[in-house]
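Chains here go by letter, A, B, C and D, matching the order in which they are written, and residues are numbered from 1 within each.
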Amino acid sequence: MATQQGDSGTDGGSVRRRWEPRIERLKRGWDRYTEHRIGVVGLVILVVFTLWSIIPGVFAPHSTEWIAYIGEPPIESRLTAEQVRSLPHPPAFGDPFFAPLGTNANGNGILSLLIYSAKNAMYIGLAAGLLSSLVGVPLGLISGFYGDTWIDEAIQRFVDIMYGLPFLPFLIVLVAIRGITTTNIIIGIAVTSWLNNCITVRGETLSLKERSYVESAKVAGASDTRIIFRHIMPNVLPISFVFLAQDAAGAVIAQASLAYLGLADFTANSWGIMLENIKSQGYIFDAWWWLLPPGLALMLMAASFYFIGFSMEDVTNPQR
Amino acid sequence: MTLLEVNDLSIRYAIDDGSAVHASDRVSFSVDRGETYGLVGESGCGKTTLAKSLVHLLDDNGYIESGNVWFDGTLPQWADENGDAKQSVIDDPDKPVREDGKTDLAALTNKQIRDMRWRDIAIIPQSAMNALNPVYKVGDQIVEAILRHEPQTTKAEAHDRARDLLERVGIEPDRADDYAHQFSGGMKQRAVIAMAMACSPDLLIADEPTTALDVIIQDRILEELEKLQDEFGVSILVISHDISVMAEICDRMAVMYGGKVMESGRTEDIFGETANPYTLGLKNSFPTITSADQDLVSIPGTPPTLRDPDPGCRFRERCPFAIEECHAEHPPMYDVADAESTGRLREATDQRAHGSACYRIDELEQLRTDALNEDTWTEQRIESR
Amino acid sequence: MSDNQSGSSRRRFLQGTGVAAVSAGLAGCSGNGGSDTETDSGGSTPTDDQTPTENQQDESDIPRGGIFNLGMGTAPDTLNALASSSAYASIIYGQTYESGAAIDPVNFEMHPNVFTDWDYEVLDETGETDQPNTELYINVRDDELTWNDGTEFTMDDVLFTYNYYMDQVPGGYAASINPIVSIEEHDGDWDLVMTLNQPNSTFAYDQFGLPILPRHRWEDVDDYNTYAPQDTDFGGPVGLGPGVVTRYEPDTAVEVSYTDREGEYTLSNLSWREDVPGIIPGGPFVDAIRYRVYSSESALHQALFNGDIDSLYSSIRTSRIEDAQEDENLELIDGFDTGYGHYSFNLRRTPLDDQAFRQVLGFAFDDVYWNQQLSRGYEQEGDFVMPPGYTAVRPETGTDQELLTGPSTQAFAFRQSSPSVPNVEAIRSFLADGDIITGEGGTYAGQEYPGSLTGVTSTQSEQVHDYSFGPVESEVLVNADEEPDQEIRVNGQTITEINGSPLTMLLSPASESPQTAQMVEDWLGSLRQIGIPVDREVVSFNTRVTRAYGSEDFDMFSMGWVNLSPFATNTLYSLFHSDNADDHSVVETEGDDSNTDTLYNNAMGYGVGENSGADDLINSARTTLDPEERNDLSREAVERIYLDFPTMVVSYGVQKWPVNTSEWGGVIGNIPGPGSTYLGTQFLQVYQQE
Amino acid sequence: MTRISGKYLAKRIVVSYLTLLVIMSLLFVLLRSMPGSFITSMISSGMTAEQIARIRETWGLNEPLWRQYLNFMINYQTGNFGRSPTYNTQVWDLMIRRMPRTLVLFGSTFIIGFIVGPLVGMYLGWWRGSRKDKSIFSTSLLLYSMPSFWISWLFIWVFNYELDLLPSAYMFTQFPEFQWTAFTVMRDVLYHIALPIMSLTFIGWVGSMLIMRPTMNQVTDEGYVFLARAKGLSERTVMVKHAARNALIPVATGAVVSLAFLIDGSVIVENVFNWPGMGQIIVSSVLNRDFPVAQATFFMLAVLVVVMRLLTDVIYTYLDPRIKFGEGE
């Protein structure tokens, strides 16, 4: 009886014992994170945008095909000349139609477009951020671990070269070569934004390398890969998450800038395209309800990434 | 003549959740002119905090809760030609200046205390090795201090004085034009000492002056300090966890534990007539104090957190001699000589006299004997398990 | 006005169709390709009678002085007229050059200018084009003409000019220069004789329209490309025109001054000008023209409404038309397009090689959505490859059908079952039943067609392929939002099976022409509903030009033409003659020179195969020197092209040229390109209101 | 007094030069990988094969690609940037004309950004965790998140469109009615540069602030800051003279990174404000496939970055006496 109890106790206990410290650590991290108000705000914004991305239909008053005066598709009537002339229409609340943020020149509701566009920014931000981390972190690790060898030198020279190429124009060339699609834009942003990750991770690795536990692992005969991935990487990961968040923010802005320069997939619903449209159709100073929301959304999305990134930096910073 | 008189000084660190760390609790001691006074204790006992609080150099969340710091000296604008407080200032009830001309540093504003810092009280910080700014020449940093407090001095004069000071601590005057990274560890320490003497302060606070140094340099630094004391007649407040250093240089000292002064008095009294279980334990753990053939015994357990402590004796958790009474309230300072001679507990009235905060100083002989026995400390550990 | 002929003899690629053809300066394409005209304007088409605005004012009463400010959305590329490819440059250096003959923008007649008189003789009546064929006899004006740097003009300069052109053949003028065999002094009554290797009915427009160059400036220029007039001691181009470039900051500000030439410039006093309605002789009346360059359309329009500029190049953008109408200072000058926007098809590919299939592409195009909604009524529905302003060569001329709206121009109108919904059934059965519009009257896909205007019929008389409809297989249709229930089979196969991919439409980034992008989406959607697998590919202007005109690697693309010749013949020749198309029917092997990367204007390959072409009609028109006969033939060719449908004319821009008429008078309206092609004309007659 | 040894400097210059060579090669490959060519706008329908060949020859396109590459590399060594087909002028002239304008805009933004950024970073880092720090820091992150073209539009809207206070385009009054003197030129440029600079610095200063703030915060724990306080120095002196001076060192490294950020910003801002600099033509030359101009602008910007990196190394040695390049390297 007692033995049985002990056994089951050990079983459950070992699992619990294995996980408890991690859960505890996570909980502590979370507590420390929530001390930062901007981190919480960033998270809330991001959650809202995530919800917009996943279930836009719940938030948006209309679909993106909705047209003022006519309504949802299937569209089987036409706007009158007078109706066309009233577009872009300022915010309207039921009379003659419901569009709380007004419409663009085609009669689509700005609020609906705004909500449906969250997905694109989210996708580009996360994908480009992740991708540039996937390039920058391993390269930085390798460069740092083999510091002061030809490998490090080669990677650093390569970084130097990449720094010499101005980001945005270089991105334009890349997109021009590969064609204007969202995937190519993500690749372009990633190719040009991994540099900072690489340099920071390299510095971190250089100092970690000198730590005693790495030294002892070396003495114990651990392979280079094992040391890098088992001993150094876990310590570098927190800072790379910070960079991931910052890269994601940068990517969101970069995509909008590309859209401004006319290099964005126009069929995708995106905030950059909305701004691009107001420019190319000539309503910048005539339709504030069309000009402000996409810019604010871009700003909030990028800011939420920054907020989260900087709060995480505080949490992961061992000094605090 | 008393230079510094600390009365019932309590210092707190505010914590976000509303509680406070009682870094120093109703601490009293006094330093005479020309004297070397020591504050000794384990790290975290509040001694550094205490020293920093004298010149308001606490971290942002630290503050003086209560108490006075009477210092024999006053603000330049309150002083007459001799440096003594003007009568008009003494008479002004709004000004924290006492009848005997002493000023309550604790009551000064930040702006006021800045004029007192370095000019009257210089401080050599714990990490003196890193206390030199790497981007400025060492000499310039001394000059900066001189010009701050003696604005009428010309730059050339200040430079001359800086070189002179360096020379006095055994550094070639020409090194004044070097940067800190060009100095060795000991040289940096001495440079800071030289800087501390730049304005001939009355009190020099030396926070762990020897900690990061090797033994030979330690000695030299201590010599340096003593030499300066002779030369300038400055009083030195030494703070250290190293009881052997203290024994060497201090005239009088206070042993601190958990923000409280456990025992205070003349150095020879403290070491010769030790009257507090904590001091006894502390002595056990240092080789030079006890005889060479004895094993070192460390006090088991860890220092208490000082976050809103309960009223009992701070040391009782680790004390092998703790009794019922110790849990109720922290003992006041009892006069040791009195207790020894009369066998009765009497609260100390003279800060200078040998005092100890322990309810059991009436059984001092017993305590001293037991304390020498290693088992006393280890048994206690077994019990506490 | 003759001065702008140098520009108008050159066709420029227009990058989009319709509304947003004028791209933002940033895109940069416009400066290069010259997306110069086409915009849209205030709701109505130009006035019906199409007579130019009259300016009945006595020349002597006209006040002189003042500086006219013109805004441009794109910077000029160079003042070198031979190397420039930008319309924004031509309106500047155009003020400094004159050509042999001048056109008037009202009747499109050629008038004396530097040449006082001319005649021709056809040497070889067969019309063969490989030998000396036609001689042109020219008299050169010898009275008091001076160059704008003060040097005296002589006949020698003319000889030099043409020989220089023949030697250098600057790209933009190649089509006009290549036919010239020689130019010499005439040993008889005439001054000069020019020999052509082909009869050309519009020589006065083509060959005499070239800018005349000063020998003393150009004879040392070994390569025209390297000459930069702005870097010379004179600081600008030297020519016979009224203006002197007094300031040239191409990125921001350019000034052409007329005051230096006061009294020297006499070509505007020529008597023919008095006879053309709307034209005011005796100009220029202003002291100078200032061109201000803006980086964006928004900034440009803002400057207009702020009063920083008096007018802007080309046409106002649609979104600001109402603002302009409300602005009491501004007036919108109506005008016609000088070209058209189009979607063109590669006739070398199946099933685009079948006229009937192409016609179906026209049925699916929702013109109303384009013209009325996306273009807000500021585009005119497209039909023929000649814009409505060029009435002489429009097939409606001489019939009782109305311009643009007559039933014979509606053969390929949108077939809709309800507003904006394509009539899928009717269109499918048009294909499946073997229908084809050949020019015969009848009912096609549910709509009446009275028959062709000129009596011409299409090249094909029946469908080339068999069409049927079956289950949806092509991926692009399976995934389509439109969810078509059937897919087309061409001779039993799906189009994706035949070509390996769906038909692909090339179009410009939405930033350059957002409305076009939307229209194409709508059109492709309709096609997918019918069951035709189509997709789109967004490529930049340059790529599109290379793909379409260089390597002919496309199925369909959207673009536009501007500055077409009002005489039709050379437009028809260069855009629709098989001479100007690469024949990809020959198997391409390495080193095969017959298919070049040359940018042939006939990208469609129209006339290359047996199933299409108007070569015969175009040839006859080109060699017919009698204008009436020539126009008849041109009209037939135009309608043949319409029926053959190698290109779908999407629309013509309605020009709305904004001018601050509270301060300026004298501008002429109801002409083609009032603010672009014939801007030079406007400069010669604009004057400050008192 | 320089702390950089000549040998080290020489080595750095050689490495920088090699870096530039690689950048140029990369550029050549990349630019020519783009579909299309500027030649499309020069060839028209009526031209004979011979004429086309001649145009190709004029622009050096008749030669094999490796030969074009060699020509390009060799020409650049001698400062021969070639001719622009779209601007029909020597590319060098174009650069000479436009580079200073970009440098004026860019330089002033850079300077303002690097005064304001570290200054704010200094205060925030000093008072890190205070309410003021929190609110200013989060606001600045919001600014940092704004698309530069969008904020430029907003500025134009307010200051030009609504208030009509400042011009929204150009560097000079186009057709001035005043005499050009040194004073009027200055005044005029200031008048025109105000909005572009506002737009650029509105966002641009944050970058250096983000570097300054944490390092500033770190140095507050340093012994020399404590000592400076203990000396009786005022808080301000301690913060500026002792803390900030040390915290500035990493900011110098960050300068290169924010340089890249500023280049992006000025590309956009030059386009929005019609500022006739390099940023305007770098985009259009890529879109027009004007390879000579694109190559030259990329090259100039690369030179700018490389030179800036060299400069930071020099500045570094002045900021931090501990660093001595070339010794023990």
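Simple rule for what comes next: contacts are C-beta pairs under 8 Å (C-beta built on N, C-alpha and C of every residue); 3 or more make two chains touch, one makes a residue touch a chain.
Because the structure is predicted, anything quoted here is derived from the model rather than measured.
If chain D is disregarded, contacts among the remaining chains split them into A, C | B. Between the interfaces B-D and A-D, more contacting C-beta pairs are found at A-D. Nearest to the global CA centroid, when each chain is reduced to the mean of its CA atoms, is chain D. Taking the mean of C-alpha positions as each chain's centre, the chain lying farthest from the centre of chain D is B. Rounded to a whole number, the gap between the C-alpha centres of chain B and chain C is 94 angstrom. Between the Cα centres of chain B and chain D there is a gap of 55 Å. The distance from the centre of chain A to the centre of chain D, each centre being the mean of the chain's C-alpha atoms, comes to 25 Å. Each chain gets a centre from the mean of its Cα atoms; for chain C and chain D, those two points are 41 Å apart. In chain C, the residues touching two or more other chains are 26-27, 296, 302, 539-540. Counting only residues that touch two or more partner chains, chain A has 176, 261, 284-285.
Pairs of chains meeting the touch criterion are A-C, A-D, B-D, C-D. Within the complex formed with chain D, the chain C residues making contact are 10-11, 13, 26-29, 31-33, 67, 77-78, 80, 83-85, 169, 171-172, 174-176, 178, 223, 225-226, 228, 231, 247, 249-253, 255, 290, 292-296, 299, 302-303, 306, 539-543, 545-547, 549-550, 574, 580, 593, 596, 598-602.
Against chain B, in their complex, chain D makes its touches with residues 222-224, 226-234, 242, 245-246, 319-322. Those residues of chain D that touch chain C in the complex are listed here as 35-38, 40-49, 51-52, 54-55, 58, 83, 86-89, 98, 160-161, 164, 168-172, 174-175, 271-274, 276, 280, 283-285, 287-289.
Taken in their complex, chain D has these residues touching chain A: 15, 19-20, 22-23, 26-27, 30-31, 33-35, 134, 137-138, 141-142, 144-151, 153-154, 156-157, 161, 218, 256-257, 260-261, 263-264, 267-268, 271, 282-283, 286-287, 294, 297-298, 301-302, 305-306, 309. The residues of chain A lying in touch with chain D in their complex are 37-38, 41, 157, 160-161, 163-170, 172-174, 176-177, 196, 249, 253-254, 256-257, 260-261, 272, 275, 284-285, 291, 295, 298-303, 306-307, 310, 319.
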